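A short write-up of the structure that comes next.
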């Protein structure tokens, strides 16, 4: 039974002289779960791309259940029984769940090219119930939440009776509830004897699901072994190559009484109800809530992206009766949205253009709508890029889309920091980025708070909130449910408040 | 081997640079020159350039709309309407036989000419009217696209059929002749050795260049085209930026209308009837993306040069009229193919740079 | 990297080969006459036949012909003719998009001192010298419709007339429409208000609009098409309605058109069409070519001559004696002969 | 109560094309009552059938996120070839139709090859093919009108079982086939997937080239079929045949809810209604005997209105359905 499902021997790959993988050896036993970790650029995605048939390997051999395996295209990998559940989901929003499940091979009427709709729906129902997703298979995928989409991806892998399922950062866009649902499904799969490779930056999750763990660094396999040999700290030190003493940096919390952001009875029917809170100078205020609890919607309303029907918003003691992004930016409010690809960055533009997008008016001659002072913008952006330690090529040319997730997030942050914000709203600032970058971002946030910026911090990582925030507000069903001071942090109590049903 | 490499470095740079379309055009020009020596004669060159200016004005306007992720199919009909209205303001005489059944006869024009005929301000006023109307129509397009959230293709397609219909309706199919000589001079005259059309369009291009490359507004155009959601989160007034792009396109159509009308010495309701695909084709061949966010003034110039040189060269060939169409299509296809190959090579190089 | 090199080599090689091919060709003998023939588009059979007659005749005389299709864009035509002038052609024949642009283009040719002939569509005014051959569209249309009206009078009932109007951007179609109205207005008691059907010189539009118009007013019994090339569409609409009947049949619709092409001739012979306005294609083509070649020979740079194609209405009555003058008939004859 | 109202709004918005039609009919019912006769409605459908068929083909290409500007030239070339073959080699109408469709398919195949294999932007490919195609057609015809024999034109005006005109029957068949292909076959669903996200489709193991090639070839075939049907009604092919029809076809498809960015749209009822809508407007204007010069102005107004309503509908529907999800949670 303990046969090797996947045997990787001496795999190497280089791009134009850069060694991305160096003689990597890796075994995955059938029925087991391998947790694969490493920082961005460590070679995880190269390895996975080789397995998925996206790129070809330079040297070495792969055996899949004993057979030689050289995929030439993604379809080969699928045929060989390897299923990917990608970070950016490969689902078609315009099609229904059933269509997505069967897109490469529909059940057909015998000897005809026509799709057998009834059997498609029946089979889809079976698959959906096996991943515990109770939705009609005709539902268009674009209406699903990220968690539900993830489940559809898993159902798709199960439909193909894949021999190996590879999860690549599956939890980045999931809420706590969805995450536990996902783990329940993974557990179920493991019990059925499914071979799984699980890749994630959330090390606790990797520890939770894996049987064995492998760590990559700079294209080499640093260590591998059974889970029991690993702890979060060991994983981090293996990945980074040195010890990280402290995830969450400490900070003197001497709050000042001056409220920077005041929200009073903010209401928008169906979204948020009667929200009141204050954010003080030097404070990091966390908001915790499940996906759909209204936390992201709340800050979108504050920033003026969505409308509200009643309530008051005061920013730095100024009333903002009709907020709009432009007005808020003028009042030194900054907002790092939760999805940097869709709302944070211009992916085609250069790092510099992204960084100075908001501050063009400041660095211009002949008034705020005039000509751009190139010297000044170059200086400002280069300074910021250095300050945030953004790793990129020349910032005038390097496109944002060619940066790693962590660096992309730093660019978004830097763009807002250049506006010298008084209040900074962060919505999931560390989603999908590696440990090193996370620690750096935490440090930046702390520095800001110490300098007097008020920070509103939204996250679905409770650990992170408890590590970073002076105060945590809990939202559920569009209402504020509870408030915790740093001294009374209690994971269970916070979760309970977040899960509490309406009223 | 080393020699070979050094020899290749320069052309490699050219092929991968922004100026590839220009290089292609130049090579094509040389090739045709070898076959038809008068291709490079100064009269032909003057001709060739005089054909560049009005088309370039249109393509620059189109580029702004393409950059914000739209498309403006109504440019040619804007030309028609403004041409007719401008002529109605300044024409010196209207032929009663042709115009007396016109609904506007006696209202804004009569046998004695247009609204301001003979007046010293007639030509400036007419130019003002043409540009203002062009911008007005652009504004309506922009409003429908930005505020009413209608698809640009349909909005401007409808505008195209509406305004070209309107232009024909206004004059009941007739062309308006007898434009003042000072207006016609815009199309043919010169300031010293420099043709006035060149002066106008080059300054237009310079303004466009400054706006796009050096101004805050320019960056906003690109930002809106690349990602409108990021742009709006960043506090950019996206609606106004989109509307502005269409207004500018209308303005450029107005300029084009002035130049073409002056060349043809008439206000024409069918002005530029089949020019639309040349305009968009030149923009796309130049490298301006139909999906928004990408475009440069230089690229527009290259695209226009390509089309104009192509047409000019076809005009040299003593072959049947249908063969000309076939050759024209094939040359466009070849240019596009070379460009596609080039993009793929350039993409590979970017990966190499990124990995380094 | 390797790709880039191959790509560059490929381009360079192509250019070298083509240049070589280009250089190795012989220069044109300098004594050969070159004539630019620029037309706006060949929409109707009339112009197609004219194009054929002119280019074939010129080429048969060892004259180099540059053909230019302006695709109905006056501006493009201007550019084409300027290019031809820059190329030192000896003469220009053009079918202009309209009379107004013709004046401008004639001006260009005059300035360059190249004789120019305008075919079938007159310049809007005679301020600039040119060779012009033209048929009086309005008069020919009026004559044809007048004959149709005569035929209608014999029926002793009020007629419901319909006109297929050409493209509203085209001068000829406006003139033909004016001619139609002149003839109709001469008989105020005979006709009801005429129905105008837009065709945009497009067969599909014609079919759809004619069908719709006859749906509304099925009593139409008098139909004039602004160009003969639309007869197939007229037939396609009338036939299912039982109105495609030869002369003499009570359901016959009095039919007329303008151009004089071979389809019109056949239909007249078969008795479906009452009258058609004829422009004399061969006369016009010959006249313009002779005038132009004559001017080139004499070294005139701005010759002026206004040649009127008399044109006439071919009717059932005068068919026997005048069909010889109809170009459609002669083309048919020639085809049958060959 | 609230739920009921929401349901009603939903139903109304989902059926705006139908409502729009009702509106159109009422307006013209008052202005030109004759236009509501059965015969006239049949005419509208008959006249809409050829643009409709081309629009159906165009839909395939638009669904992949492309565009085909060459359909007009395609119609011309294939009709000219078929017509000349019948004239010169006196082949029958059915072989001629087959020949016509083959030419259309070849035309589409060239587009498909350039788009899928050479990876050139569809806009430029089809623009070039539009110019080249017209030239090739003119090369065959020498710009002369090519007339079709009575055996073909008979079909254009004949009725199936004396009831329904053949063009409408063919239109219905094309729509049905396209519907089956798009909704009920794997390839059809894959075309939607490719249009939504080509890269994701490739990763999902879909043969994207096959989807693209199918779309362009079908577009070519349907364009030539539409052309043939049109000629069967017209009787002959003029040099300008098909010019500008690409815009009509795109307009019909977009009016019917097909997105120019790919992946969204349905052949039935969307595209069918789009094609018929445009034809109804122009037909009704002739029926109402409106001043010729005003036709394009009024028609543009109606189409603008239709597009406006449709965009209102889609923004509003998106809002409604988003909120619905929240309520379910």
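Just so it is clear, A, B, C and D label the chains in written order, and each chain counts residues from 1 on its own.
Keep this in mind: a contact is a pair of C-beta atoms (placed from the backbone, for glycine too) under 8 Å apart; a residue touches a chain by one contact, two chains touch by 3 or more.
Computed from a predicted model, the values in this text were never measured in an experiment.
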> Shared touching chains for chain A and chain D?
Replying inline: B
> C-D or B-D: which has the larger count of contacting C-beta pairs?
Replying inline: B-D
> Among the chains, which has its CA centre at the largest distance from chain A's?
Replying inline: C
> Taking each chain's centre as its mean C-alpha position, how far apart are chain B and chain C in Å?
Replying inline: 31
>> Between chain B and chain D, what distance separates the C-alpha centroids? Give it in angstrom.
In response: 30
> Where the centres are mean C-alpha positions, what is the separation of chain A from chain C, in Å?
Replying inline: 69
> In chain D, which residues are in touch with two or more of the other chains?
Replying inline: 142-143, 293, 295
>> By the touch rule stated above, which residues of chain A touch at least two different other chains?
In response: none
> Going by the touch rule set out above, which residues of chain B reach two or more other chains?
Replying inline: 168, 172, 320-321, 324-325, 344, 352
> Can the chain contact pattern be summarised as a line, a ring, a star, a complete graph, or none of these (other)?
Replying inline: other
> Every pair of chains that touch: which are they?
Replying inline: A-B, A-D, B-C, B-D, C-D
> Can you name the residues of chain D that touch chain A in the complex?
Replying inline: 180, 184-187, 189-190, 192-193, 195-197, 200-207, 263-264, 321-323, 325-327, 329
> Considering the complex alone, what residue numbers of chain B touch chain C?
Replying inline: 8, 11-12, 15-16, 27, 30-32, 34-36, 38, 41, 43-44, 46-47, 50-51, 168, 172-175, 177, 260, 263-266, 268-275, 311-312, 315-321, 324-325, 338, 341-342, 344-345, 348-349, 352
> Which of the residues in chain A end up touching chain B in this complex?
Replying inline: 15-18, 20, 303, 305, 324-326, 328-329, 335, 337, 342-349, 353, 357-358, 360-361, 364, 368-372, 374, 393, 402, 415
>> Looking at the complex, which residues from chain D come into contact with chain C?
In response: 32, 34-35, 37, 39-40, 43, 47, 50, 142-145, 147, 153, 156-157, 230, 233-236, 238-241, 243, 245, 279, 282-284, 286-287, 289, 292-293, 295
>> For a test of understanding, state which residues of chain A touch chain D in their complex under the given definition.
In response: 52, 54, 74-75, 78-79, 84, 86, 90-95, 99, 102-106, 108, 113-115, 117, 143, 145, 270-271, 292
